[in-house]
């Protein structure tokens, strides 16, 4: 299915300000991106880099003083595989591919080391694999309020565990931390997310599970606000600290970002009864 | 019912060391203490003070260098009122006696201010009063493991909320924090606790509720390891920081304290189906 | 010296709302209050209580729905004793009056138990007593930025230790925690504070030291923004959680409080070279 | 200079237990490793993987039930460049190579985002580059006690900032967090460290600075207990969570690891007045 998406960012700068952006759709499995347009106003030079281990695409530019606008649009063909959840199990930690261990470790906002007992107690009895991750996401939706203004840039999974409120970033941090605490590699995904209303940069989660064709990253949205088969991935990382959409290295003023995504007209409502993966 | 109880403490001291002890049974409602014996070896002088707002009895002595032993025994007649739980409700926060407000505030180990949303979500639907406090205690017993060695002197209710393990002190800190978060005044009780096995200094909780005869402090043991009608109170306070059984103001070595309590022979097993209060 | 002071509070309420106020000047040593006027609009009935162990005066009223205004004015004669700082020493913890131990304990916002090593390392070499407390306050002023908007109601002394910014409440929480960590009893004081600019409810600290005439509570303003000899005390407590100027027990909207205090015309600028105490 | 080093690990296992080890010296710049011997008893099969972005070498084996021993020895030729500290400056964050940004982000044990104000206040005036990093390390040595038993596996840079005690791991976590807070990329290094006494797995830090020949990772030991020119690197990562020397995925008992390293006889005492880098 094809999705067209994009964002518009606007800054007011006092001085020359270097920016790193992570707004372009990633070049990763199951996601082909085309017809991209990047417009910078003024049209300053751009450096580019793609992170080998993640496929994240980073842009760097120096702008200011004055107004600085960034516009980006693209079209992505997503090829999600929809699989029988009961056929998607767990890989024992001792048999994981070496390159995914990094997503078992605790990180700044996902202190999985302190949640092991809770995770085992609460989800230890769930069916392994897609079922257990679904139980984690369901638990979060049932026990945490989605409420803007209840969290900030320093809020971590432990805070959300105590305070029981947050936004998509916080939901994902807690979900990632709980999956890691259960021995399931989990990573944070920033995305253009279909059917999210209102549209915005969104956060989702991928977990490494064993599907019918082998190990793969499976997509979950712990907020259940978007459709897993319509997630155009921008960046993946240990947590939000690694995939900020914009990192200005100087003081700045910004308008709220404008974000949009459109999917195929007349497409069915997404199903939540299938396991969804993009890669391999 | 009469309970005989006591403790034996032993220290090895390098230098003259001032101690404050809070080991004597408190002079508080529903609890008459007699036949007390305090033996200090060597027999150093003792200063005494009873805290007006709590009835806690404090001893102070300076001992050392050398060995220092403290032995204390007493007999308490407890007159617990066993009431119909359904008749024990809540006092609206705006109608509480002024002197109990202090037990609504957050304290070092009971950060109730950060648990309000969780508490309302989880216990908001429970029957007000004794039922709601019982729901809090039941939740803790179901969701927290009683396990020695999982917590230390800096462990707070928030840590226990995350880590889901602790000992009596931690169970009570979390229970106190949750009750305060619900608008129910709650205080920490240190005690000689009947039927606790093995015997030790124990922690319990009193909450201010509205009984058939008016407002009173009702006793709960969130660990369910002792009998609420056999709790000989030593000290009450905001949390464990206020009722340490011994506070030495210098370096020391100590043996583990020995603690004992004996109730009436042939007494029935305690009931957990009644609301228990001691005071006025 | 005489100070006239007061405050004006304004609320918009959706429903009948109980309030506890702690805005009246306390009846405590060295502070005589007269000519007080309390005006509630509408003129709802008031309950009053004075806390025996602190002298704090609490008011309770139920107001709403609708607008609710509280106005309070008074005149206080302060009799601060200005003493030679070098003559104000420390009381060894083993010799403190029993009733001040409570201000050695850690509290919600003043986790002194975790700051002991830092406190001893940093202030262990300072002259005992007033000198050491002055060193604590100086350290805070030098190492913490006074900056509105950098802290909130859950900010504690540990947060301020890490983040190095806060307002008067945070400065006092850190100062209180450090004094307790040094074995010096310390309490939080809410006050009408002379020369504070702009006027507002202010936070200061009292520490228990040994003066020429015996043990007493000595006043410090860790922000150095007010004059210690012009502090009209409203409430004293373990930390800010115990002396909120207003505690509404329901949803409310409020204007920012208006606060004022005027001292003797032509009075000299306050001295910071003297130890200041009010009590006995 | 050549260094011979190794370790011996011994486990008692109840069941078949997968292990991931990170004990082999890394294949990274300025460090040539030869004559390696790995002996597993019993001699179970081994899987190997080298992480592309770090050069860390990981081993995986399944052993047990029963006793399991791992012995490893090797010889490394280190080619540290000793440079004039004054010629080693900082790279402005907006000009860093893209691949080092990951070491600017906060991580589980290095919450740099909360230490920015402290870092700027304290080290903002130090000479940029090697001088500033040296100031960070000196500050830590002066303000934090090296003391075994004062920290544990959950201790983070914020805890050490408050508690002012720790071991090499804690020193490095705080140093890494402060460098990142200053805009200097910093990573955690596990190592066989020459002159460390007693020998053990050690922690050190590398920071990305601008030397006479370009950007490079410069070695620092915030504990000053080892010689920066004799650090045989095992693993580099965001913090200790990424470079554990052994990760058993099941219950186990272990002896303390034995670790050794020997440098050239008669070598001069290491100098702390030079900037040391290995790479590039």
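A few points about this structure:
Just so it is clear, A, B, C and D label the chains in written order, and each chain counts residues from 1 on its own.
Quick note on the criterion: a residue touches a chain if its C-beta (ideal position, glycine included) is under 8 Å from a C-beta of that chain, and two chains touch if they have at least 3 such contacts.
Source: prediction; values computed, not measured.
Considering the contact criterion stated above, no chain is in touch with chain A and with chain B alike.
Two copies of one chain, chain B and chain C, touch each other, and the residues they use overlap strongly: the shared fraction of interface numbers exceeds half. Taking each chain's centre as the average of its CA atoms, chain A and chain C sit 46 Å apart. Averaging C-alpha coordinates per chain places the centre of chain A 30 Å away from that of chain D. Chain contacts: chain C has residues 114 touching two or more partner chains.
Contacting chain pairs in the structure are A-B, A-D, B-C, C-D. For chain D in complex with chain C, the residues that touch the partner chain are 114-115, 117-118, 121, 143, 145, 158, 161-165. In the complex of the two chains, the chain B residues touching chain C come out as 17-20, 47, 49, 51-53, 58, 60, 62, 92-95, 98-99, 101-102, 105-108, 110-111, 113-114, 153-154, 183, 238, 241-242, 249.
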